[in-house]
Amino acid sequence: MGGYGDVKLLNDDGTRLDGRKVDEMRSVEIKAGILPNADGSAWVKHGLNVAICAVYGPVEAHPRKIQRQDRAVIDVRYNMAPFSTSDRIRPGYNRRSREISKVTAEALESVVLVERFPRSKISVEIEILAAEAGTRCAGITAASVALADAGIPMRDLIVGVASGKIEDTVVLDLDKAEDNYGQADLPVGILPTTGDLAFLQMDGDLSPDEFNLCMEYNQKAAKEIHEVMIKALKEKYEEGA
Amino acid sequence: MVELVPQLLRQELADLAAMGKRRDGRSQWESRHIELEVDCLYNADGSAKVTWGDTIVYAGVKFEIRQPWPDRPSEGSLMCGAELRPIAGKKYEPGPPSPESIELGRVVDRGIRESGCIDLGSLCVIPGESVYGVMVDIHVVSDSGNIFDASALAAIAALRTTIVPASKFDTGEDHPLKITKTPIMCSFTRVGGRFVMDANADEELGGDERIHITLGDDGHLHSLQKGLKGVFSPAEFAEILEVSQNQCDVLRKMVESAGGN
Amino acid sequence: MVELVPQLLRQELADLAAMGKRRDGRSQWESRHIELEVDCLYNADGSAKVTWGDTIVYAGVKFEIRQPWPDRPSEGSLMCGAELRPIAGKKYEPGPPSPESIELGRVVDRGIRESGCIDLGSLCVIPGESVYGVMVDIHVVSDSGNIFDASALAAIAALRTTIVPASKFDTGEDHPLKITKTPIMCSFTRVGGRFVMDANADEELGGDERIHITLGDDGHLHSLQKGLKGVFSPAEFAEILEVSQNQCDVLRKMVESAGGN
Amino acid sequence: MGGYGDVKLLNDDGTRLDGRKVDEMRSVEIKAGILPNADGSAWVKHGLNVAICAVYGPVEAHPRKIQRQDRAVIDVRYNMAPFSTSDRIRPGYNRRSREISKVTAEALESVVLVERFPRSKISVEIEILAAEAGTRCAGITAASVALADAGIPMRDLIVGVASGKIEDTVVLDLDKAEDNYGQADLPVGILPTTGDLAFLQMDGDLSPDEFNLCMEYNQKAAKEIHEVMIKALKEKYEEGA
Amino acid sequence: MGGYGDVKLLNDDGTRLDGRKVDEMRSVEIKAGILPNADGSAWVKHGLNVAICAVYGPVEAHPRKIQRQDRAVIDVRYNMAPFSTSDRIRPGYNRRSREISKVTAEALESVVLVERFPRSKISVEIEILAAEAGTRCAGITAASVALADAGIPMRDLIVGVASGKIEDTVVLDLDKAEDNYGQADLPVGILPTTGDLAFLQMDGDLSPDEFNLCMEYNQKAAKEIHEVMIKALKEKYEEGA
Amino acid sequence: MVELVPQLLRQELADLAAMGKRRDGRSQWESRHIELEVDCLYNADGSAKVTWGDTIVYAGVKFEIRQPWPDRPSEGSLMCGAELRPIAGKKYEPGPPSPESIELGRVVDRGIRESGCIDLGSLCVIPGESVYGVMVDIHVVSDSGNIFDASALAAIAALRTTIVPASKFDTGEDHPLKITKTPIMCSFTRVGGRFVMDANADEELGGDERIHITLGDDGHLHSLQKGLKGVFSPAEFAEILEVSQNQCDVLRKMVESAGGN
């Protein structure tokens, strides 16, 4: 977190610079099945973030040394397109994208019924086309929808969502300015059916009470986004039928 | 690796060719349906999405400020690159840039660069000190054949809608990038023994060599490239060069009507 | 790869957990024995060695002089990185940094950075011209479980005993690095179905997800990370957050009594 | 192409700076069998360019995943020595050399009877020791001679040759200055027996008519170079006999 | 060698800046068995240098193409920690560490009874935690002790030791200043039982006579260090008993 | 990998050694035929080609202008590197620099550097601002044994014919690089139990350790390196050091008569 307190992020009426209330999230649009080649795919627009995701598999994992006898491995690549950020980023992975790929894969492994596909691999390709704070959450949401679109059995979907703190106030779903100049960010991956978490990161400064309020906001938003996810999948299947 | 499918496919494509047909019903010199959307990516200074049959390509333009090359003190630079990441299809693997992606980027780059559509002198900020570098990144998200033409189209369409983000660099006010020409690429693939325009994924899988032609507004050649195994005769080339003139005109109109600078 | 051992181990750990026991006799919220040695590496500007059960981690601090970032002209920088080289155990292979080592370095980095323990403004030499870069390198030489907590402890302990080598850079006299806070990481692993503190190697091999919590002096959260396969409930998290408060206080006292700036 | 029209490249009498006529190529010298370890090899001096090429194989291709059941794979490495250019270039491949390696391999696959050697690999190592415009053509010529020297059956040789445009005039075989300040370059790989093309690149600006004249020049030069190639191979075999 | 003669390295009484006599080595401390996970390990403090070494194996070598039918392969990684030097060095190998790893592996292969372990691999991980001239020698000494600690049969131990030349005077065991400003350095790996050499490097300027004196010093020092090595191994085994 | 051939070859070489013979009829301290050609590469500022039996090596020298190191403001730099690319023989594979190529480059580099044959002070252009960097690149195109001696010979011969391309950098007129000494490398390989000079490919395949000795004009040692598996006695070293003195004199005369600065 930047934590630069001298940038004003809240209006006098308590609303945020873009007019949202503290517990209001940015608009979310989702489409399933947007990539002809993939076994499953999704497009997520969360605020100004755009993430697309393709799922390929399950196929036999190779080389053989990556195979697991009792389950599928999930291979996630989270990648930011060079033109997705304010300053162009060089193509290829960096330390940040490798870390996000790792923890995203581990989150998805927690809900996919990987034991149904021994010795196989499921590839999840997340591409960020536009970034405006919150891309890892948009990527998790997109990956869940794409896996469902691919017909891969899951215990539950995972909804990616974040809350944080700006000007000592807990707010839901930080945008770019709030992320740059705010005090904390808590992105999570929530299983909407149970409220359990499969993904958790946080940086900044939060008291235990502030943390609890963040989580409350996140749980509420997860339900809203979950509805949009379900709607996208339904539209796809009705179209296909 | 046993390649049974391509062998059967090659036979089928040859049989169709003998009857003057293609697998998806198109004629020899007929392209698939093409959709072009511009200015579609937040954070990119210029952008385009091309949907070409089932092939989908994004192009995004970004600027940087850099020192000029010592031998070109008053010129900025243009660089096109392409990524063929695993999202684009089953055959793509993660890893360092493949020869395929390097070729794609370089062939698109040459077509745009050699057409002279960008006056590199107009990208100078302070002679000998700072110039703009223009980076066009091509991102193929679905490869169902003929990614070269789709990429070249996305690149020039993105450039034509590009705003130079001068205010971000404190080098003036934002202004449209000046693009004076519209180079267009048209590619041909040998399928079933004869060349066809705009091969789809099956035709590429069961086909042979490709020829990529980039033409300028005046019908001049700016870039040529032959790829994959196969030879062709001068007469065959003369025919596809002729055909490409028409197709490039059609695509150029599509780009120009998509709006831009 | 057949993973018979982990399956048998998982069963044993589950049986033990059902009886409220752990394999090495510890209770659920009990850590192994920890030894901390500081200022132990010649050439490092600050250093620490942590022996945590059979896990051994070194951390060393070095300085460099560099130009400040354009948007932060009066601030130096802090960077933590971790290496997991083959010396640390049979499972580690040579090669480029693994996702595991990147995650370790970044999670430790965020905990220290976000705690605000270092005033980056104090690392400025000449505003807009030169600042100090502080590099904390973590070197795990023996991994017998819970390298995250051991690494975070070594890193903050090394920083607290760091001397800024100003004379070497002709930027003044050597002086202690000012560290105003002591962030501490406490990690939990699901073993046999429930979370335990400070999993050892066997518990990690036969366990599930991990949660890493970094707390500041005032008990505020500065960094969280969940790794590996598994889900957890908000209630489970509330419990380990509570437990971590006590453990962090214990470790903070250990760091503070090891001496330092 | 540099395309800097203000550098004079033609003399008043219509000849070029080095005295050549517009349709005159630089001198070409070729030797076959110059590398003791290789299965076939060649040395080509084309103008001031020097290319050497070693061919190893066919041998069983490994790892097995690069094998083709019905044919040999041809593995080409085109590499410029660090001292081959005006400014030293760092050892190792760059984007340019990777592209040239790819299209050169594809050209050679078009003439080598690869179907005679299923599951095998033929390695073609092209090293540029001195570069003065035209190295990819010199490399193709060298590779053809080295393959023939290795006794690998081919439909035809491939001759590498280029034409281009300077001061609005079509000329054969551009040298360094003409390449730097000229308007177009059209390097091709020609099968001398049929006149067919296995290699084609071009950049710059050529009208269709100019293109045709370039090709005419190229076809003519290909015949001349072909004779030098044949002579080199004959000399090698007479020596060996 | 720096070879900058204008830095004074000898006192008027013929002693060196740190008070040592010309044929006196720095203090050496060794501990065996310091790493719980390794099959064998050692810690060597030689002057201010600190090297630790872990040995893993013998285990089956993989991938299979690195296997040798008639012997074990020895895989050495010599690595300097980023904080081990005056200026931080970037993590990862450089040309120097790759060369030292190679010749160290070859030295160890000369004494380990590799033919007893066909198709297997022995990994030797040398980590330099602090460097003050002489790290490759400290690494060789540490590796020998760690191999012995792992119970791997050896013809003999190897003792790493160096002599060199400063101010035209041959001296034993150069420290940092002497290495930076001296005239020659001759690091060797000596088999204490026979006096044979398994490791040899040298750079600088030595007449044949100076070389002979260096070797005399090295042989003498090797005997001293050997005693420390034996003591460390005995202590470990007595502890273990 | 089954290594039957080396085992049979080792036996044959041992049998020959017992009779004081070598496979190609040479005596123990006899080198193969050597040809040296200088100034043979267009674009290189200095160059040499060494044909040493069936081993062929090129060396090329290039200059660059760079900033001096802060602690050596008035000195240029010298760097030798070697490439062992697949052209050199069946056993070489493409990829990043191998340990073998790194060792080759560094051993040649040390011999030349430590001989003091180049006065680095003479490579200063403007003290503290710009100096010449001299890069010697060694390119082994055929390895039939003893590439170390061939590479060292090519490197010093190339340097001795080097013209500093000052006019290209606007730093003066082109002039010969001043080389005051001629360091020569002589290598020995244990074959059939005893050392021989200038091992060929078979002798390397069926032999053991190598010792590389670089001597200066005055017979002083400038660089030593022992490579590969094997041990040797001080007495054995004394003998080959003696032998190398003669051989280095012979090669030094060859270099000096090839012409140069």
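For clarity, chains are labelled A, B, C, D, E and F in written order, and residue numbers in each chain start from 1.
Going forward, a contact is a pair of C-beta atoms (placed from the backbone, for glycine too) under 8 Å apart; a residue touches a chain by one contact, two chains touch by 3 or more.
Values in this document were obtained by computation on a predicted structure and should not be read as measured data.
Asks: For subunit C and subunit F, which third chains touch each of them?
Replies: E
Asks: Trace the shortest chain of touching neighbours from subunit B to subunit C and give its length in steps.
Replies: Minimal hop count between subunit B and subunit C: 2.
Asks: Tell me, please, which of B-D, A-B or A-C gives a repeat of the D-F interface, judged by over half of the contact pairs matching in residue number.
Replies: A-B
Asks: Could you put a whole-Å number on the gap between the CA centroids of subunit D and subunit E?
Replies: 51
Asks: Using mean CA coordinates as chain centres, what's the gap between subunit C and subunit E in Å?
Replies: The mean C-alpha positions of subunit C and subunit E differ by 32 Å.
Asks: Quick one: report the Å distance separating subunit B from subunit F, using the average Cα coordinate of each chain.
Replies: Those two chain centres are 48 Å apart.
Asks: If you average the CA atoms of subunit E and of subunit F, how far apart do the two points sit, in angstrom?
Replies: Centre-to-centre distance between subunit E and subunit F: 26 Å.
Asks: Mind pulling the residue numbers of subunit C that touch at least two other chains?
Replies: 97
Asks: Scan subunit D for residues touching two or more other chains and write them down.
Replies: none
Asks: Examine which chains touch each other and state the graph shape they make (line, ring, star, complete, other).
Replies: Graph shape here is a ring: one loop, exactly two partners per chain.
Asks: Can you trace the ring for me, subunit A first, then subunit C, and on through the rest?
Replies: Cycle of chains, anchored at subunit A and oriented toward subunit C: A, C, E, F, D, B.
Asks: Give every residue of subunit C touching subunit A within the complex, in rising order.
Replies: These residues of subunit C touch subunit A: 1-3, 97, 99-100, 102-103, 105-106, 110, 113-114, 116, 209, 211, 216, 218-234, 237, 241.
Asks: Which bits of subunit D are touching subunit F when the two form their complex?
Replies: 35-38, 48, 50, 52-54, 56, 77, 79, 81-88, 91-92, 123, 125, 127, 129-132
Asks: For subunit E, which residues are in contact with subunit F within the complex?
Replies: 1, 3, 65, 67-70, 95-96, 98-99, 101-103, 106-107, 109-111, 186, 191, 194-208, 211, 215, 219
Asks: Which positions of subunit B touch subunit A when the two form their complex?
Replies: 41-44, 47, 54, 56, 58, 60-64, 81, 83, 85-90, 94, 96-97, 135, 137, 139, 141-144, 168
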